[in-house]
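Below you'll find the structures, each written out as structure tokens.
You will see two complexes here that share subunit A, one where it goes with subunit B and one where it goes with subunit C.
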Partner chain A sequence: MADITHIGSRARSKEAPRHVSGRGQYVDDLSRPRMLHACILRSPYAHARIISVRADAAMKLPGVRAVLTPADIKALSQPFKPGRYAAGLRVPIAEYASAIEKVRYAGEPIAIVAADTRAIAEDAIELIDVDYEPLPAAASIEDAVADGATPLYEELGSNVGWQGKVSYGDVDAAFARADRIVRESLKIHRYSSTPLEPFACLAEHSPERMTITCNSQSPDVIYEALSEALGLDAVRVRVPDVGGGFGQKIHLIRKYAVLTALLAVKTRRPVKWIEDRSEHMMAGGHSCEQEFDVEAAVKADGEVIGMKIRDTDDVGGSVSTLTIHFTNKLNNLFNTYTVQHLTLEGRSVLTNKCPVVPNRGIGKPGMCFVWERMMDRIAQELGLDAIAVRRRNLIPPSAFPYTTPNGNIYGSGEYDTLLDKALKNVDYDGVRQRQATQRGLVARTLSGSRGEPDKARPTLLGIGVVIGVEPGGRNAARDMAIFPKSKQMPGAGGVEGATVKIEKNGSVVFTLGSPSCGQSHETTAAQIIADVLGVSPDRISLATTYDSALSPWGVSSSNSGNNFHLYDVGAVHGAATRLREKLLTLAAHVLKEDMGRLTIEDGMVYVGRLREAGAKSAASGPAVSFAELGKIAYSNQAQMPPGFEGGLQVTYFHSHPHADPLMLPDSEGRVRAQYTFSSAAHAAVVEVDVETGRVRVVRYVIVSDNGTLINPAVVDGQIYGSAAHGISVALGEGFVYGSDGQLLTLTLLDYGKSTTLETPHIEIEHHPVPDPFTTLGQKAAGEGAAIPSPAAIASAVEDALSPFGVKVRDLPLSPERVWRLING
Partner chain B sequence: MTRAIALTVNGEQCGGDVEPRTLLVHFLRDQLGLTGTHVGCVVGECGACSILVDGALVKSCLMLAVQADGCAVTTIEGLSTPGALHPVQEAFVNRFGLQCGFCTPGFVMASHALLMRNPNPTEEEIRRDLSSNLCMCTGYVQIVEAVKEAAVTLEQWRTSRT
Partner chain C sequence: MYPSEFEYFAPQTVAEAIALLARYGDDAKVLAGGQSLVPMMKLRIASPRYLIDINRIEGLSDLRRDGDRLVIGALCRHADVGASALVREVLPIMTDAAGLTADIQVRNRGTVAGSIAHADPAGDWPAVLAALDTDVTIAATSGVRTVPLSAFIVDGYTTQLEPGEIVTGLSVGIPPAHAGGAYVKFEKRAGDFAVASVAVQIALDGTTLRSVAISLGAVGPAAIRATAAEQVLQGREASESLLMDGERLVREAAQPFADTRGSVEYKRHLAGVLFRRAFAGALDRANGREISTIHM
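The block that comes next holds the complex of A and B.
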């Protein structure tokens, strides 16, 4: 590699200039000649049988070009195969892109219209006549599993769609030798990262192929869906700029890609469909509501020796994501702790609510919530300090690389140091002192002068300190540990490519195998290429966003699973390294020199190691530029070495070289769920208004180990954003349903998304501990702070409310719910 | 039934026939091809569609195209001059004040409007003012930093000119 000057720097963003000037290209910005606009009719009922759908009036509206009813959709397409998210499904259930005989959640698509304008399509939707036979809706886990509950899927016999268990170590023996069993019930609610750009699809059908341009995070899902549903081999998926993903755009979007494509086939015209906000809120997918019953076997000194967790997931009205929130808990099942004996039982309950989808961490925020709430509870029950209990159980630095009982291998970590630094940065002792003073004041205010108009309202200070791992880089075989017989496994390990090319004029372009949803992949990849090739990032640019026909993609080519750092970085580094070899081979021939004597600097290949000889730059002596080499490589065979393959372009597919052991699960169900493990300590300081229940986050401090940082400003951005989301989740954002299964939070305002006012100024310190197994020592940084932050806020609010003896067991901590906690 | 409107957009005279129900944001995007103004909610909650109408910050999903008849509109495309970003835009680039970029045109316009009104805002003022807009990606920290940096640059501009 040439000198490292760009990796690790806050290199200027390559994406930002187009976005700040309004030149981003999102799906809705695209237009095609004769393009039609689509609009979807959705179910107003949470649970109902569809008796009939009549579309003749809609068809007669001038400007309407096609209407697809459930009967049409069933006739024109095949159902999706149950994919890996539905692993464990005990009977095959055909699921089409729309509801066919029954609707199972309010907002489920029923029919789709294509018309000359969006407005006409919307008008046409109003003219479609549907007869429903409403059925009782199960709007909660309790309703869904109650005796006599109407099953969503008759084929399954009940609304428990899946039930299963993983167990590691000897849990019963651990419980038998415990000094104490600590029990708790915990709950996480439904939420979503609500990407600002809703789903968007543009389908174009030509004799050669179906091309779909959509804002998918996982184009392979769209590729498979179109191939399966339309029975097409020739499918091309393109992903332009994407206005945020966070997991929302992985799965359910496939329905809409298929519906839009069917319209394109039927009308033989390009068709664009853009979801609106309320459609996204009710049908775009939610993170799962999860209920946990937890028992921890502990020793008197705070050591956790065993854990039993029963997890019930409310998966909503589809079997297609039946087990994802369960299986993702394998990724951080042991968090940062040494416990060896653990059982996780799972139950997926179908309800008449929006289906669940991946969302920034999937089951991992829930798993971290369990661990970190339990650490506080254990400390309380044993009369110990909560941070000391955590320290008692941390995996020590000497234990790395560390294999967890379920087979994950943590490459490196310094968990104690993360806690030390977080406590220092947040001024833990100072907060405790202020807390004591404030509690005295509040006690006096509450006892004496309540109601005095000009008295400041009593607030209680609280601090919560938590720690969590952030897994990164997916192993495609993970779910085989739980579902060894499942027929729909997507592969094993990971594969992802990149192409790097030196152009004829010496500039550099590259293509990644995966799409970006705003994580500065172009900037980051260009920094790596710049250092490997020895050329300024200014001369490097992304050739195209994802295009399945051009991008070197594989099973890991997904803007999810925290995959970029492992697979894209590995691929782009590998491609650039091989291209450098090729470039030097050609340069050595041209300069008639030994390859070993060549140096690259700023797009020039020089003879000799001039830099090392003390020269300021390699500016003199024989040299050849990238542009001169480009001209030769693309047009002058006479100057190439014998046998040299023309061109200066390399495609390289990266697989994790340390994917084994346990890439495939062993007989005990141990498997590498993910390959790298970042970690972070979070310290939250909150003020709770005792009269209103309002929680204000006063300080939020993070100390984070994301391994080698390629661009610290980009990593900061990921941490800020993911922390802000987790904090907003904890403070009150979330989906609320009525008992009839109607969503009550259809707008962002009702949903309660935090603005600049509720979001605290987040403080970050990096404590990078390079990963011993990755290309540059890097670890993940995407899901990041969304994993521990709900637990941190819960911990801080419980601490603030400790004078009331209150326990925080579930989220969100909205003013109303906090007020109820305080007032019993 | 359509109505003809005429207005100035980014300094250019434009016009078009619009249905009375057409929103200003859709007129800008679909009829004028100014796709930098985004739609995140279409009900006035997210600010992705923020533009200036006669100098005032407006959510263009809350205004009908016919209401803009005769007005002077500035969109994100009108903020920079050829070859040079506006200082607010430049600060958003410098400070990594964006990720996916979907909220960005709205935040840039809102920040620009804020700095025209209040050239030297405190962090609290910035946060209060920008609470009109939502960003799902950044956690706002780098956006606030960008606005502070833009304020400094604009201040330097003003002093170097006088």
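The block that comes next holds the complex of A and C.
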């Protein structure tokens, strides 16, 4: 590699200028000649039988070109095959792109219209006449499992779609030798990342192929869906700019790709469908509501020796993501702790609510919440300090690489140091002192007169400190750990490609195997290529966004699973390294020098270490520029070495060198659920208004180990965004359903996401501990702070309310919930 | 996402607007700021067949003093009120409301009179202006009439406005010296509708509360005057025990309904807390202390 000057720098974003100046190209910016616009009719009921659907009146509306009813959709397409997200599904259930005989959640698609304009399509939707037979809706886990509850799927017999268990170590023995068993029940609610851009698809059908341009995070899912559902042999998936993914755009979008494609086939015209905000809120996919019953076997000194967790997941109205929120808990099942004996029992309950989908960490925020709430509870019950209890259980630096009992290998980590730094940065002792002073004042205020009428605003200060791992780099075989005997292991391991090419003018273009959703992949990849090839990032650009026909995609080509840092970085680095070899081979021939004597700097190949010798330019010694080499490579074979393979481009597929052991689950259910493990300590300081229950976050400190940082500004951006989301989740954003299964939070206004005014300044310190197994020592950063932040806020609020003896068990900590906690 | 088809008119004068309203009656809607109407049309909650855009009518953007009254034209935006030095001087309670309404984009477009005509139970202006001496000016082909705000809004989203009529403006009595008011709003997050809100406007005679107006927002089908609390306070000196009585009476006056913003019990409780904080602000201002808007 050339000198490292760009890796590690806060290089200016390559993508941001176009995104913030309206020059991005999103699906909705695209138009095609003769293009039609689609709109979807959605169920107003949470649970109902579809008796009949009549579209005659809609078809007669001028400008309407096609209407597809459930009967049409059933006749023209095949159901999806249950994928790994439904690993727990053991009964064959046919799921089509729309509801066929029954609707199972309000907002489920029923019919789709293509018309000359979107406005006409929306008018047509109102003319479709559907007869429903409403059924009792199960709007909660409790309703769904109650005796006599109406099953969503008769085939399953009940609304418990899956039950199972993973167990590591000897849990019973651990519990038998415990000094104490600490029990708690915890709950996390439904929310979503609400990306700025909802789903969007543009389908174009030609005799040669179906081309679908959509904002999918996982184009392979769309590719599979179109192949399976439409029986198409030739499918091309293109992904232009994407306005945020966060997991939302991995799974359910396939339904809409199929529906849009069906219209394109039927009308023989390009069809575009853009989801609106309310559609996305009701049907675009939610995170999973999770209930936990936890028992921890502990020693008197705070050591946790065993854990039993019963997890009930409310998966909503589809079997297609039946077990992902369970299986994703395998990724951070042991968090940062040394416990060796653990049982996780799962139950997936179907309810008449929006299906659940991956969402920034999937089950991981829930798993971290369990660990970190339990650490506080154990400390309280044993009369120990909560941070000391955590320290007692941390995996020590000397133990790395560390294999968790369920098969994850943590490459590196310094968890104690993360805590030390977080405590120092947040001035933990100072906060405790202020808290003690303030509690005295508040106690006097609350017990008697409020004093001056205009001085009455008692607030309580609280602090919470938590720690969590952030797994990165997916191994999708993980989802099959609940069925280790299965022969089907879709998505096992991790392979990703990249192409890097030197153009005739000496500039560099590259292509990645996966799409970007706004995480600065172009910027980051260019920094790596710049250092490997020895050329300025200004001369490097992304050739094209994802195109399945052009992009070098592999097993893990997905903007999900915290993949980029591991797979794309490895692929780009590998491709650039090989291209450098090729470039030097050509340069050595041109300069008539031994390759080993050549150095590259800023797009020039020199003989010897010219910079060290003081040479400033090619003129001061024998040298050749990338552009001169490009000229030869593209237009003059006579100057190439004998046997030189033409072209200055390399495609390289990277696979994780340590994908094994345990790429596939063993008979004990042990599997490498993910491959890298970042970690972070979070310290939150909150003030609670005792009268209104309002929580204000006054400090938020993160000390983060994301391994070697390629662009600290990009990593900061990921941390800011994920922390802001996690804090908002903890404080009040979320979906609320009525008892009839109607979503009451259909707009962003009602959904209640925090704005910048509620979001604290997030203070970040990086403490990078390089990963010994990755290309540059890098670790993941995409899900990051969304995993521990709900737990940090819960911890801080509980601490603030400790004068009331309050236990925080549920999220969100909306003002009313906090007020109710205070007032019993 | 797209409204149903409608016909659009942009009259140049109030007379033209009235003529259109007279012609189309209930099928017509007036577009001023459009910050409630347009989202409702996009969601197809409202599907007017005729839209009468009054933004081109001159002379409706007034925000001026006329003797002892503040005159607010139908096209006066929330942001105009928020930026007005006159309003800050004579009715700082309105400055509070202008800054707490929705977000900057809405405040730049939405109008005060439009909020009154829309009569959202959780709207800020209905709550604030109910605590003041507010008149609504209404024009129709038959002439111009003036109605007190207390009579104008009859229920949630329901006013006295007849088909063919248009609100051309508001006027608000400017309080005498030694008066002060404050508007306090509890919202789940910045820019949201109120979970509950309270406006308090008082006038002092020395340390005696010469007059007290308390208006509660978002805790009933329309703004509620807490008259029992007002009566208890009037003619007395503010004391902790008196304010505790007032707080209790405010809670009793609230008639909240449960929704995603809160339960009946919580909203009722909040009304009491907000009353105390708004009263404290009103008292400060009545005593000549300049205070900025109280944030919850």
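As a convention for this text, the second predicted complex is superposed on the first by the 806 of 824 C-alpha atoms of A that agree within 3 Å, B and C clash if a C-alpha of one lies under 4 Å from a C-alpha of the other, contacts with A are read in each partner's own complex, and residues count from 1 in each chain.
Keep in mind that, in the parts below, a residue touches a chain if its C-beta (ideal position, glycine included) is under 8 Å from a C-beta of that chain, and two chains touch if they have at least 3 such contacts.
This is a predicted model, so every value here is computed, not measured.
By the document's definition of touching, neither partner reaches A:8: not subunit B, not subunit C. By the document's definition of touching, neither partner reaches A:63: not subunit B, not subunit C.
Once the two complexes are laid over each other on the shared chain, residue contacts for A:717 go to subunit B alone; subunit C is not touched. Shared-chain residue A:44: touches no atom of subunit B or subunit C. Counting the residues of subunit A touched by each of subunit B and subunit C gives the higher count for B. Touch criterion met: A:193 reaches subunit B, while subunit C stays clear of it.
Touch criterion not met for A:151: it reaches neither subunit B nor subunit C. By the touch criterion stated above, A:26 is placed in contact with subunit B alone, subunit C being left untouched.
Once the two complexes are laid over each other on the shared chain, residue contacts for A:405 go to neither subunit B nor subunit C.
Of the two partner chains placed around the shared chain by superposition, subunit B and subunit C are both touched by A:757. Annotation: subunit A residues 119, 276, 749, 753, 755, 757 touch subunit B in one complex and subunit C in the other. In the complex of the two chains, the subunit C residues touching subunit A come out as 1-2, 4-5, 43-44, 186, 188-193, 195, 238, 240, 243, 259-260, 262-263, 266, 269-270, 273, 276-277, 279-281, 283-284, 296.
Contacts from subunit A toward subunit C in the complex involve residues 118-119, 122-123, 126, 276, 278, 449-451, 453-457, 689, 691-692, 694, 732, 736, 744-745, 749-750, 752-755, 757-758, 814-816, 819-820. On the subunit B side of its complex with subunit A, the touching residues are 19, 21-22, 29, 34-43, 45-46, 48, 75-77, 79-80, 85, 89-90, 92-94, 96-105, 108, 123, 126-128, 130-131, 133-144.
Partner subunit B is touched in their complex by these residues of subunit A: 10, 12-13, 15-26, 28-29, 119, 193-198, 241-246, 276-277, 517-520, 713-714, 716-717, 719-725, 747-749, 753, 755-757, 759, 761-762.
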